[in-house]
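Submitted below is the structure of interest, expressed as structure tokens.
Naming follows writing order (A, B, C, D and E), and every chain is counted from residue 1.
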Amino acid sequence: MARIIKKSSRKKGLPPGALVHIGDKKTEKVRISIIDYNEESFQEKEAESVEECFPFKEKPTVTWLNIDGLHEIDVIDKLGKHFDVHPLVLEDILNTDQRPKIEDFDSYIFFILKMIYYDEKKEEVHTEQFSLILGHNFVLSFQESIGDVFDALRDRLRNGKGKIRRMGADYLAYSLIDAIVDNYFVIIEKIGERIEGIEEELIDNPTSSTVKMIHDLKREMIYLRKSVWPLREVINGLQRGESDIIQKDTYIYLRDLYDHTIQVIDTVETFRDMISGMLDIYMSSVSNKMNEVMKVLTIFAAIFIPLTFLAGIYGMNFNPEASPFNMPELNWFFGYPMVLILMLGVVIIMLIYFKRKKWL
Amino acid sequence: MARIIKKSSRKKGLPPGALVHIGDKKTEKVRISIIDYNEESFQEKEAESVEECFPFKEKPTVTWLNIDGLHEIDVIDKLGKHFDVHPLVLEDILNTDQRPKIEDFDSYIFFILKMIYYDEKKEEVHTEQFSLILGHNFVLSFQESIGDVFDALRDRLRNGKGKIRRMGADYLAYSLIDAIVDNYFVIIEKIGERIEGIEEELIDNPTSSTVKMIHDLKREMIYLRKSVWPLREVINGLQRGESDIIQKDTYIYLRDLYDHTIQVIDTVETFRDMISGMLDIYMSSVSNKMNEVMKVLTIFAAIFIPLTFLAGIYGMNFNPEASPFNMPELNWFFGYPMVLILMLGVVIIMLIYFKRKKWL
Amino acid sequence: MARIIKKSSRKKGLPPGALVHIGDKKTEKVRISIIDYNEESFQEKEAESVEECFPFKEKPTVTWLNIDGLHEIDVIDKLGKHFDVHPLVLEDILNTDQRPKIEDFDSYIFFILKMIYYDEKKEEVHTEQFSLILGHNFVLSFQESIGDVFDALRDRLRNGKGKIRRMGADYLAYSLIDAIVDNYFVIIEKIGERIEGIEEELIDNPTSSTVKMIHDLKREMIYLRKSVWPLREVINGLQRGESDIIQKDTYIYLRDLYDHTIQVIDTVETFRDMISGMLDIYMSSVSNKMNEVMKVLTIFAAIFIPLTFLAGIYGMNFNPEASPFNMPELNWFFGYPMVLILMLGVVIIMLIYFKRKKWL
Amino acid sequence: MARIIKKSSRKKGLPPGALVHIGDKKTEKVRISIIDYNEESFQEKEAESVEECFPFKEKPTVTWLNIDGLHEIDVIDKLGKHFDVHPLVLEDILNTDQRPKIEDFDSYIFFILKMIYYDEKKEEVHTEQFSLILGHNFVLSFQESIGDVFDALRDRLRNGKGKIRRMGADYLAYSLIDAIVDNYFVIIEKIGERIEGIEEELIDNPTSSTVKMIHDLKREMIYLRKSVWPLREVINGLQRGESDIIQKDTYIYLRDLYDHTIQVIDTVETFRDMISGMLDIYMSSVSNKMNEVMKVLTIFAAIFIPLTFLAGIYGMNFNPEASPFNMPELNWFFGYPMVLILMLGVVIIMLIYFKRKKWL
Amino acid sequence: MARIIKKSSRKKGLPPGALVHIGDKKTEKVRISIIDYNEESFQEKEAESVEECFPFKEKPTVTWLNIDGLHEIDVIDKLGKHFDVHPLVLEDILNTDQRPKIEDFDSYIFFILKMIYYDEKKEEVHTEQFSLILGHNFVLSFQESIGDVFDALRDRLRNGKGKIRRMGADYLAYSLIDAIVDNYFVIIEKIGERIEGIEEELIDNPTSSTVKMIHDLKREMIYLRKSVWPLREVINGLQRGESDIIQKDTYIYLRDLYDHTIQVIDTVETFRDMISGMLDIYMSSVSNKMNEVMKVLTIFAAIFIPLTFLAGIYGMNFNPEASPFNMPELNWFFGYPMVLILMLGVVIIMLIYFKRKKWL
């Protein structure tokens, strides 16, 4: 399970704007990949050094610089300075414990989002911070590690299919965010399947491991919710924003993106409702079971304890010779059969009693 | 029970506006039915091909094209192109996992709603997505399967009774939505009956199947709520909307529709309140029962265990010949009756004790 | 107990504005009573036919037409047509499952409220829909059955005391609503008394019937709340409304009415808080009792089971003649007394143990 | 404990503005005290009759008329008429079940507040309604009984210290409200102490009386909250109000007062959070205890029941002479010691078993 | 654990603006330290008397006066008077039970914040009130005791590194608040670690001390929340504020600070969610354990009680000589072995029964 909180205390005492990488080093080397295109041309390469990216700032074509790995502060710093990015923005990119947000600067818009992966093996959800800087003709994106949800998007860029090559950097940024939000649906599906699995188990045979599973699910929903809720504001802010970086044609796509976000939030809330009901069901099922256990105990005790007492009576050693009152039953002709019949009678009465109480 | 979440992951990686049908294929063939009318004329037919619908776009009469079945993407695509519908709208129509919403385009208004059916046999609620495009003189409606709640409305159109034939396409759209909302009351009535049934069971004889029923009901309410809540915004949006597609006369009907929606939401919330209280009642009733079981056990144990002990005492084999201290009682003249009286005394004391504690 | 939901499904499939009475037929015959007055004159009569009411529309005096019973749709229809009331309003009057609301038409204001009665015998709360149409010089009021909370108001009108005869129709409408809201305090007092009764029972001797009472109370609060909450909006709407039907002098009374409504809502919420706490108290008290039962059982078991075992030991039939190791105690001089003392020792040790654990 | 709801039903059927005292008669005679001052002069006396107060209305000095006791309606009525107070305001003053509120009339501002006392002996919170009418040069205050929180304020007025003698009637009204809010902190301190007491008890030795205490505290918090929450609106309304009765210099004091109110509300909410957690702790502690009781029972039963069974075996009377298979052990040389060792073995195995389960 | 509420009742009855120190005396002597700087110069010293600070008010350089210790009211009073601080502000500084807030006066802005320390030894959170007055060229800060979170900031000032020496007093105030907020992350990390610890314990081996820890944590979260939530408004107020004391360049830093605050609040809320789930898990785990205990008891009882009864039967002393019906089994050749086999049969049947019930 992911740590609850990252070591952001590392930053304590430093001045604002100081660049410190907060988070785990998830990749060996920082990788910078460049995609540059317009409707006619397309160029894709991996940069050897950060300086290789600098000329793209001035080119009229749309440039997408993607940085995988945040631990080489120097790279981020140089890139930030060349593209005139505010130090506080760079600080936020490096601190991977940020909340999703949008900030509108004059010459660029800055986004922080969370990419969510589902680790099939561990049945766990992992999050990774995705930062995006959208300028007039460029998009800078920062990821914690190699591997993302944009492969299909890259293919579309390469093939030149769809409208993406005809549109500007704003549409590219939209497409990136859309790919991230679309991926949330995959996560939600997985979680939905787990919820259904637990629900079945809950009804068929709840064990204490079911509680553990509910607890884990609840915790994951808390994280998911933390990543997803602020997204609403982010996309709303974008949609409402008067920034001239976003072209008019793109707004209809943002509305669609907003709808998707609401749908994700809605489903997360529905899941929360479901999960919170599960523990109640579990508790009532445990109570039921204990009731059943108690009934079995009580039935056994209530039937056999009186019988044992009866047997005990006639196991007493009073001397029949000392007095005619001393256990004359022992010498009766039908003494033993009568006691057995008496015992049978007690059993029958108890069974009728418990039948009436609907315990049997 | 309906799946929690539909396979919307199928769409992952596709560009926005790509048409993919998300949902179950609920009908064999896509059926297109055309109703075209004005105050004087009325025409109703089933279209063989999608092209048959095209001429109705230009006719001044009100045209209602109803499409049952969404799995033939080609049909939706052609229709969408002819009626100038934005690809994102078509995408939303095909994705049956949408949230109810309203979107105001310049030349048409787009709605997504949920039709809710009650499956009497399985005692379950089923939902179906209903999409509606309202243009100046046409209404396009899309359903997942054949069979809907509009039969009475069609009769009214055929008979030419009421004001529906005198009014425009906006009133037709209102009438469709009104029919859907009216049908919610039917569902609510069914659920209300089930709640009353469970409440009776809860007080008379709660079993673990009652918990299962409460749980199912709770889950259905979560779904119902998800379908109904956004409706408020939808109809509010319509009522407030400055679109010139809606005529002034229709607004008073929208206010009425809004009231109905609020009433549905209100009842759903009332039901939620009631259901959430039910589990508490169940738990307290189970606790009560366990208390009763425990009391029975304790009374039996507390009465018979001391008696058995007493009987055990006089079952001991101390040799009375070895010493006058060794169980002289066994040779007393009234030994046995005295022990029986002693036992009776213990029983009476215990009964008084439990009576005082109000356990009997 | 009142049905949760009325048969509003009866209306399914009908066009908007169709007049259908939804609710129980609570009175035999529809009764129309007319009160017409100004500062000087006062006239009161019961109308034989609905047409008798028509001339009062044009009279400059204030006219109050009160209709008891809604099942004769024809009467409502005729009255509605003569007083130019919109068909949707008439539909709402007949559907007694409406939510309290206010609707401002140009020439009249339409209110729906709930009158609440307390049935002393059944200890239940009953609600009745009260609709009111306020025109410039008339008030139409519609009730489900004969019998209301306006007798004191009628007396004031007859006696000509107070300012009511000097003021217009708007003040009459205010007075009617004020009488309904004042009656809520009576209901609240009754419920307050029941809450106090249950609280006492809860502390003295909670039984499973207490849970039933809490549950009933909770359910009644849900209904009461449903009737009372929307009132806030209604009266607020009235207070804020720019309608020229309401005269300036009346506004100060509306503010007072609004305060009363808030006070009712406040008390309802306070009651809800109290009731929701009651079940917790009940549960903790049941748990406590079970604890006590368990302690009694455990003390009895822990004392007598070892004793019985000891007695059992010396009840064994090992042959002392076969070996000197076989139960020589049986032949000891102080064998029996020593066993008795041993048993006493066990009892004392157990008592000390339970005393230390504070179970005794 | 205070009654939940006062007999406001007494007012049912009366016209609005009718003067009825709702509340308990808390004082014998109505007492009217007059304080009249400006920077130079100071006069204090007790009025014999209400008419004695009338001349002060016209004097330019600041006059504070304080009325203790509300049951003499005639006094209130005369005073109200002379000072041009609206009948609805007088009605509110007499109905001591009002919610705190502010109402801005043209020539005066009307407040309702709640004074809260802590009855040390009964450990209960009592509330009393305090109404205040602030005119340009006078303050009328109405209390239910003699005895209030203004003694320090009166001393400051008499001594002429502080700015109170230099400021106008608005500052006097502020000072009165400030004294009431300051007194809330005293109540809150007392309740805080009780919470700490209960928390300690909860951890050391929770009993069923702890539940009762938590319940009482919860109920008191409900009342306190009801008195305190509306205060926020009241003081906010005052602060925002454009009334020319409040002088500009006073606003900064109102902001301070508002802060104090927020602080009170904040603490009340914190207390509610704490109290609501207490019952959970109690329940989990009761569950824990029951678990412990059950363990003791189970350990005793599981150890001694098998032993008793073993003893029972060798207490059987099978005739060894009838067959060599009939209990030959009874005649073995080491029969008895072997059984004792067997029993010891059972005890040791059970102890190890329970040790492993961590029940010991 | 910190007291719930401080003795603010000490202030009861005093006029507004009266200076009373509410809080604990945490330091021996009041210490006043002066830091005065601009881009070129830097001066740092400790003031012997409060008068030493006065000349700095007029100097154009930025002056930071930090006062540690609030119990010498005279010092605060003189300082306040010289810097034209309103008496109500001084009152708030001295009352250390204030809520975080911002107040904008014309010539200065007044802040109250809470500094939070984590006492490693006691595993407790401690709060201290930090008040700040920001003027055009000075910052006055008031702390309850010596020792704060500003050491790194002081070093930056001394070294002249970073932009802090180039910026004005507003940036200094921002830096102070930023240091406080940054320190919150340290606290949050500690609490996060404790939550993880408890979660592990909860799953491995929950004891009643776990409940105590959850309870303590819950209580600390209540305090933390109380300190942190109002901060949002404070920084928002600052960000929105039109005060000319804040320079335009500083606003971007305030936005960053606001983000940090939101992040802190977010994490606090996430923690609350987690903690509230923990008690549920604990309860279900206790229930589970009790179930297990009950099962062990029931299995033992249900197996051995019937066996003991059987042994009891053949321990009865019916006289076989008195009748052939009296326990002929005792004389059977295989009597004893048959009984043993019967007993074994009972054990096997019971084991199969419990196996079927999945209790074994």
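Basically, a residue touches a chain if its C-beta (ideal position, glycine included) is under 8 Å from a C-beta of that chain, and two chains touch if they have at least 3 such contacts.
Please read all numbers here as calculations on a predicted model, not as lab measurements.
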| item | value |
| --- | --- |
| Shared interface partners, meaning chains that touch chain C and chain E | D |
| Angular offset of chain B relative to chain D [C-alpha, multiple of 5 degrees] | 145 |
| Whole-Å separation of chain centres (CA-atom averages), chain D against chain E | 25 |
| Where chain A and chain C are represented by their mean Cα positions, the distance between them in whole Å | 41 |
| Residue numbers of chain E (touch at least two other chains) | 283, 287, 290, 294, 297, 301, 305, 308, 312, 315-317, 327 |
| Category of the chain touch graph - line, ring, star, complete, other | ring |
| In the complex, chain A residues that touch chain B | 149, 151-153, 156, 161-164, 175, 178-179, 182-183, 185-186, 188-189, 192, 195-196, 203, 252-253, 255-256, 259, 262-263, 266-267, 270-271, 273-274, 277, 280-281, 283-285, 287-288, 290-291, 294-295, 297-298, 301-302, 305-306, 308-309, 312-313, 315-319, 322-323, 325-327, 358-359 |
| In the complex with chain E, residue positions of chain A that touch it | 3-5, 7-9, 11-16, 86, 88, 91-92, 97-99, 101, 103, 205, 208, 211-212, 215, 218-219, 222, 226, 279, 282-283, 286-287, 289-290, 293-294, 296-297, 300-301, 304-305, 307-308, 311-312, 314-317, 320, 327, 329-337, 339 |
